[in-house]
Structures are given as structure tokens and as C-alpha cells.
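Below are structures written as C-alpha cells.
In the two complexes that follow, chain A is the common piece, with chain B as its partner first and chain C second.
For the complex of A and B:
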């Protein structure tokens, strides 16, 4: 059985005003939103731009907005967001510059991950440097950018480091035995547009498809920063 | 491990190009389809803005004292009317929600009860509601 669906797709090409295009498609209700987008591309509009790779929530490259919620469209079935004859509105993630249609520029996002010492592909990490149990959750981060899109603070403060980079910083801070590296990370995050910019909305944690809990990590870093400051008052080294 | 040489925090997320910057602030007030945390975030902003507006309103009203006794007495008569008493209850609601939610933000933001932040929000709001009912009743009975 197939469903009749309406896809409203946010379109944007550099130099052109943004618009919304409407597509009617037939789709099995157990197929994913990404299947729908691919069907539109294949059968109706070859100029539609979107990003995808693994189709199983492993690469994080396909993250978009669907009905105003951040999703990995490769694992969300259409029956989870609409009904037969219903509408699915898709658009690019919030809080990122749009390159074209559903594709956003992740450059700054990856740059900040690198700043905290968490490059996407580390030459010696993580296989020969297995994290401690407490940090396993971070290893699940697929760098999809959903946490940044969901964060209401990033929406109005583009200089905010953001949940993903701060969660990575937490992991790197606690996983490092190098006091200089720890201090470098703390200097990076213990400032106005670092850990103290978070307003405890916990939307990043709620939206994260990999259960990384970025907000919890930010709170952990705050506690660590506070402990370090108190220790400094008594002339002690940071913990 | 490789570390970027990019200046710390030097590059901002430029925002979503088709969306004007002034529209991005609307995200603060769109908790629909979001988690309880965003509702608390939105509540804190709405009540915060409301309390700031009230502060200036309050200062404006107090300035009536400079005008004279008669104008102040006239204001007091208005202040005891039911519509203004309802506004007093709204003010009390704003104070309680902002205060208790702020306490939750301070606690969780300092690393306390991080894993129980959701329950903490619900508990704080229940406490605010109980005090609002007591306070609201007192406003109308006195």
C-alpha cells in the first residue's frame, strides 16, 4: 500500500530569494523521509540539493528539519510524522548558513570541533585511546549538527561555541592527562560565549539522535570550571 | 592530536541566509514541537521581559507621588479595582515562574541535579502554582 503525500520543500539557491516548492508523491508509509526526498529528486526535480550518505544514522550528513523538528531523515519513517494524504515540510537545519536547498555549511561547526581537539578523523584516536566509560556517550556523536539547530541560544548568538563543541570539550578535558591541554580547553570554554552562554533549555539533549547529552556535558564543564576557580583561590592546581 | 590554529571563537556561525537576523529571535518564543526545556526557556524570557516592562511601569506610577496627594489617591482607587487586581495576579505569576525557574537554572547550571533537571522544572512549577493560588486568593480577599 502506498500513501499519497505532499512534500513542501524549502528551496534556496545563492542569489535567488528563498521559496517553497510543493511536490506530490506516492510512498510506502514505512519508507523514510529521505526516501521521499530522493524520489522527488529522481522523478520530479533534479535540481533539488540535499546531502546523504549512509542511510542508517551513522554519518549524520542528512540532518534536516521535518515539520519544524530536527531529524535524521534516513531513519524517520513518513508514518512517524504524517498520515495518508498528509504533508511533510522539509527544510535545512536552523542556525547554519544555507548552501543550497537542504544543504547547510558545516564548516564552522567542524572548525570548532577541531578547536577543542576533537577532529572528526583523528589519526590515532579513538581506537588506540579508548575513552573511559563515562565518555562513551560522546563517542556516539555523529556530528550531524542537530544540537546546534535545536539550540535557542545559537539562534541569537552565533559566536556561542555550541553544544557539540562543548560536549567534545568535556570529553577531551576528562580524557586528557596533559595539564597544559586541560588548561587550553578550559580557557576555550570558560568564557562568556562558551559554557556560560547556555541557558539550560536542554533542547540539544532532547534533539540529539545519538543520546550524547550535550547539555549534561556543558553542566559538567561548568562544575569543573567552578571547582578550578575555587581551587585557584586556595592556591591549588586545577583538578 | 591535531589542533586547529584558528583564533578561538573568531568565526561566528553566520546564521541561516534566507532567514533575516531579526526573525531568529522569534525562536525564543516558539516552544511548539519542542521539549519541556524549551518551554522553560520561553517562559523565562516572556516573564523576564514582562518583569522589565513592569519595573518601568512601576517607576512611572511612583512618579505620581511627585504630582501630589490627589493624583496618588486617584491611582490607589484604580489599583483596587478588579481588573488591576487581576494584573497583580499576573505579575505574581511572572515573579513566581521567573524566580523558581531561575532557581532551577542556577542549580542545574552550577552542576547540581543535572540528571533531574526535568523533574526539578516540574517541581518548581508546581511550587509556583501552589504559591500563585495562595497569593492570588490573598490578593482578592484583602
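For the complex of A and C:
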């Protein structure tokens, strides 16, 4: 069984005004929004550009807006967002420079992730099971940028480090045994455009497709920064 | 004489930024060539991005396709040294759940020994202690050094290193034609899918690393390559139900492997052939087969929800009509001068993401020989940059 669907796709090419294109496609309702976008590219419009790689929510490449909500379109079946004969609106993430159509520029995002330096997969012992705690060897964050798109502060302050980098900083701080590394992370985040810039809207945590809870991690870093200051008053080393 | 002074004179265009093209670009740049990578979509948006994420130990091939098995174990041991950031070195089990599987164990172990794959036998209780979600019917298992990698990040890592050595990487630039003069490919016609501009890029040599789309590129030069697009379905389940890769201890077949990647368990895979790999319609019965066969090893997979269902075409060397499971998974570099009398044009086909570095080494050796250069490959010893550097260089 297939459904008749209308895709309204936000289009942009450098030097041209943005526009919306409408496409009619037939799709199995259990296929995903990304399948629909790829089908439009394959069968109707080769100028359509979009980021994608893994199609199972692990690479983070394909994040977009769908019906005004941040999603990984590779894991949202069309029947979750519309009905037979219905319409799906897709566009690029908010708060990122748009390169072309659904493609945004991830450069600054990855620069900040690299500054924090959290390894996405930690060293593993090949023959041991990993303990199931907050610090998996395989980190949950897939660097999709959804939390930045959802964040009201990122929308107004491009210098803000943003939820993904701050969540990574929390993990890096607590994963590290090295006091210099801890200090480096604290210096990076304990400033105006770091942990103190967050308005505690928790939009990032609500939008995250990988349960990273960036807002909770930012609050954790605030507590840590405060504890470190109090300890300093008493001449103690940071915890 | 520093031969890389000579390689700098040559501009090599690589078509495709999947694992093969990315690794070829890195190897070429490291040997001093001027390199441009053209990719019609995003990095890893074709076969590599959607692969099963298995860093092969070679176990899956050690009985019937030993050449591929040797390639896999050699590359596995190299990649884990040069690319620590994009992979999890968790190991894998080949699990027997019936008598037929147990009967296969001896050939499997002989295969491991013949191909140099380290292994360790586990009895049923050891296997189930390690992996509690394995079937109660488990009769025994063999451990091998499988791993799990991040396919897109692996490509970005190769490309970041290539960029550091001067390569130009151009995503969203589609090749629309090859210019052939006097039986030699001299330039590539491209269409920039972002700006809409069409242009011509001079090339001293073109490497076709377009995977299952390789035939579209060879058509442009009026030659042919035996690559058959062979999709497989994968189902990624919500939740991680094994720590090690779980394979069926038997001849490779449909739905006989579960790869734990991050917080998911990916069941794979099936196999059929298509003419056009751009958009692949997944057969419903293949999806159902993943649940049915996967749950024979891990019954819980029948009870949990899928997270992502996808299919992508492998670029196997062969012709449509051959039995896909019988086609060797090894790779081959086609020099179109020898084959078809067209100079300046090489196609690299077949292979696995696990063997991308070796595929690149073989290809760039051919490139060097064609240009009469002797520059040794150094990718075995060269640490790759972080994938994040792809965006920051």
C-alpha cells in the first residue's frame, strides 16, 4: 500500500531568493521522511540538496525541520506526521547558516565540538562488557545540531557555545582524571557565552533525539563551577 | 630524488566520497599528488554511509572467500591503529544455535587458522554470560576481533587528512561527462548542485570510486566495468542488546548478523540486485526476514521496536544474473588503458569499507605505475586526523 503525499520543501540557492517547492509523491506510510526526500531527488528534482548518511539515527547528518519541529527524518515514518493525502513541510535547521536547500553549514558547530574534544567513542576493552552508566564508551551525542536549532539563546547570540558543546564539556570534565584537562574545560565553559548564557528553557533536552539531556548537563556544570569557586575561597583544589 | 616533487605536477580527480574515494584521496595526497574529490551528494551519502558499521575480522569470509578474509583481518589490525576515534573495538561472536551450526564450527576454526584470524572458543554458558540476550538454544560460540565503526566519520577522517595535505573536497558536485581526446580522459565535466554552474576540470588522471554507480561513470568514457548493484536491507532496533557483534556460526546468509552500534542493534542483511541504485524500494519480506532470522540468535529482537530501516547497494564485482552470495567480496582496480585502450582512467570496484585503505593503496600504486613514479604508500603508518577536522581545515 502506498500513500499520496505532498512535500513542501524550503528551497534556497546562493544569490537567489528563498522559495517553497511542492512535490507529489507516492510512498509506503512506513517509510521515513528522509526516504520521501531522497525519492523526490531520485525521481523528480536532481537540484535538491540534503545531508544524509546512515539512515538510522547514528551519524547525525540528516537533521532538518519537519512540520516546524526538529527531527532526524531518517527515523520518522511518514505515518507519524501525516495521513494519506496529507502534507509534510520540510526545511533546514534553524540557527545555522543555510548552504543550499536543506543543507546547513556545520563548520562552527564542529569547531566547538573539537575545542571541547570529547571522544565520541572512548577506548574500549575488547573482551569486557561496558558498565551501563552515564559515560558509555559509545557516547550518545550524534552531533546532529538539533539542540542548537531548538535553543532560543543560540537564536539571539551566535557566540554562545551552545548545548551540544556544553553537554560534551560536562562529559569530558567528568570522564577525565587529569586536573589540567578539567581546568581547561572549566575555563572554556565558565564564562558569559558558556554555561551562564543558558536561559534554562530545556528546549534542547526536549528536542534531542539521543537522550543526551544537554540542559541537565549545563546545570551540572554550573553546580560544578560554583562548587569549585567555594572550594577556592577555602584554599581547596577544584573537585 | 624526491619523487613527490614529480607527483605534484599531476592533478588526479577522484569521483566519489564514500570510503573508497575518501581513502584514495588521502593516499594520493600523502604521496604528493594534487587531488580534487568530486561527490554528487553529501560525504558518505551513498553505500558507505548506510552500511552495517561492521569492522570485519574476516570471520564471515574465512571458509568460502579466504582472499577477502585475509584482506579484512589485515586491514582491521591497521585501521584500529590509525583511526582510533571512529571505531569501537568490542569484538564479535560467531554463535551456534543448532546442530548444523555446531557442525560448521570446525570448518570455521580451520578457516580462521588458514587466514590468520585470532579466535577463541567459548562454551554455551560462557557465551551467554558475556551476552545474556543470546538464545537459550545457544550451543557454543567463537570469539573473533570484529569491531564497529562509524562509516560517515571514517570518510570524514580520511578526507580531513587529505585536505591537510592539500586535497580539495567538493561535495554536491556531480560529474556529468568525461572528455576523451585521442583515447585519453583529459577532463571532467561537472555540475555544481549548489550554484547550478557547469564547468570543466582538467585531469591528468581520473579515479572512478563511485561504488555501485561506477558504471554510470565508465559509460561517460565509452567503456564498461563489471559492477553489480546489490542492495541489502538492515533494521536498526531501539536499544543495544549485545556488547559484541553477534554473527551466526554458519555459511553467510540473510539476517545472520547483529551489529551493536551506539544505542542500537542493527540486524542485517539480505541481498538482491537492482539496475538503478538511486532509490531502492525495500521488499517487505526482507524486512520481516531480518526480525525472523535475527531473533533466532537473539529472541529479544522480536519484542523490541525498530528505530531505522534502510537499504543500500553494495558494489560487487560481477554481472547481473550471477548468484550474489557467491561473488567474492574482494576488490579490483581496473586500468582502462589495459582493458579498453582508454588512458588516464582507473576504476576501483568491489571491496568493503573495512578494506578501503588497502583498496586505496592498490589504486594509487596503479596510478603511480601509469605515471612512471615510484612513491611508496605510507597510509599504514599515518595517523588520521579527527573526523571533526574535516569541517575545521
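Rule of thumb we're sticking to: the second predicted complex is superposed on the first by the 223 of 239 C-alpha atoms of A that agree within 3 Å, B and C clash if a C-alpha of one lies under 4 Å from a C-alpha of the other, contacts with A are read in each partner's own complex, and residues count from 1 in each chain.
The definition used in the following text is that a contact is a pair of C-beta atoms (placed from the backbone, for glycine too) under 8 Å apart; a residue touches a chain by one contact, two chains touch by 3 or more.
These numbers were taken from a predicted model, which means no experiment stands behind them.
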Next on the checklist: Contact-wise, after the overlay, does A:79 reach chain B, chain C, both or neither (first, second, both, neither)?
Outcome noted: neither
Next on the checklist: Touch test for A:228: chain B only (first), chain C only (second), both, or neither?
Outcome noted: neither
Checklist entry - After superposition on the shared chain, which partner residues are touched by A:111: those of chain B (first), chain C (second), both, or neither? => result both
Checklist entry - For A:140, is the partner it touches chain B (first), chain C (second), both, or none of the two (neither)? => result second
Item to check | Partner chain(s) touched by A:183 [first = chain B, second = chain C, both, neither] | outcome: neither
Checklist entry - Is A:198 contacted by the first partner chain B, the second partner chain C, both or neither? => result first
Next on the checklist: Just to be sure I read the superposition right, which of the two partners does A:6 touch: chain B = first, chain C = second, or both, or neither?
Outcome noted: neither
Checklist outcome for this item: So the chain A residues that chain B and chain C both touch are 109, 111, 114, 119, 123-124
Checklist outcome for this item: The chain A residues in contact with chain C across the complex are 13-15, 30, 32, 38-39, 41-43, 46-47, 49-59, 61, 74-75, 99-100, 103, 106-107, 109-111, 113-114, 119-121, 123-124, 126-127, 129-130, 136-138, 140, 142, 210
Next on the checklist: List the residues on chain B that touch chain A in their complex, please.
Outcome noted: 1-4, 6, 8-9, 11-19, 24-25, 27-28, 32-38, 40-42, 44, 104-105, 108-111, 114-115, 117-118
Next on the checklist: For a test of understanding, state which residues of chain C touch chain A in their complex under the given definition.
Outcome noted: 41-45, 48-50, 53, 84-91, 130, 143, 145, 150-153, 172, 174, 193-196, 234, 236, 243, 261-264, 266, 278-279, 307-310, 312, 386, 388-392
Checklist entry - How about chain A: which of its residues touch chain B in the complex? => result 10, 12, 17-18, 67-69, 92, 94-98, 104-105, 108-109, 111, 114-115, 117, 119, 122-125, 148, 150, 152, 154-156, 158-159, 161-162, 187-188, 191, 193-194, 198-203, 205-207, 215-216, 219-220, 222-223, 226
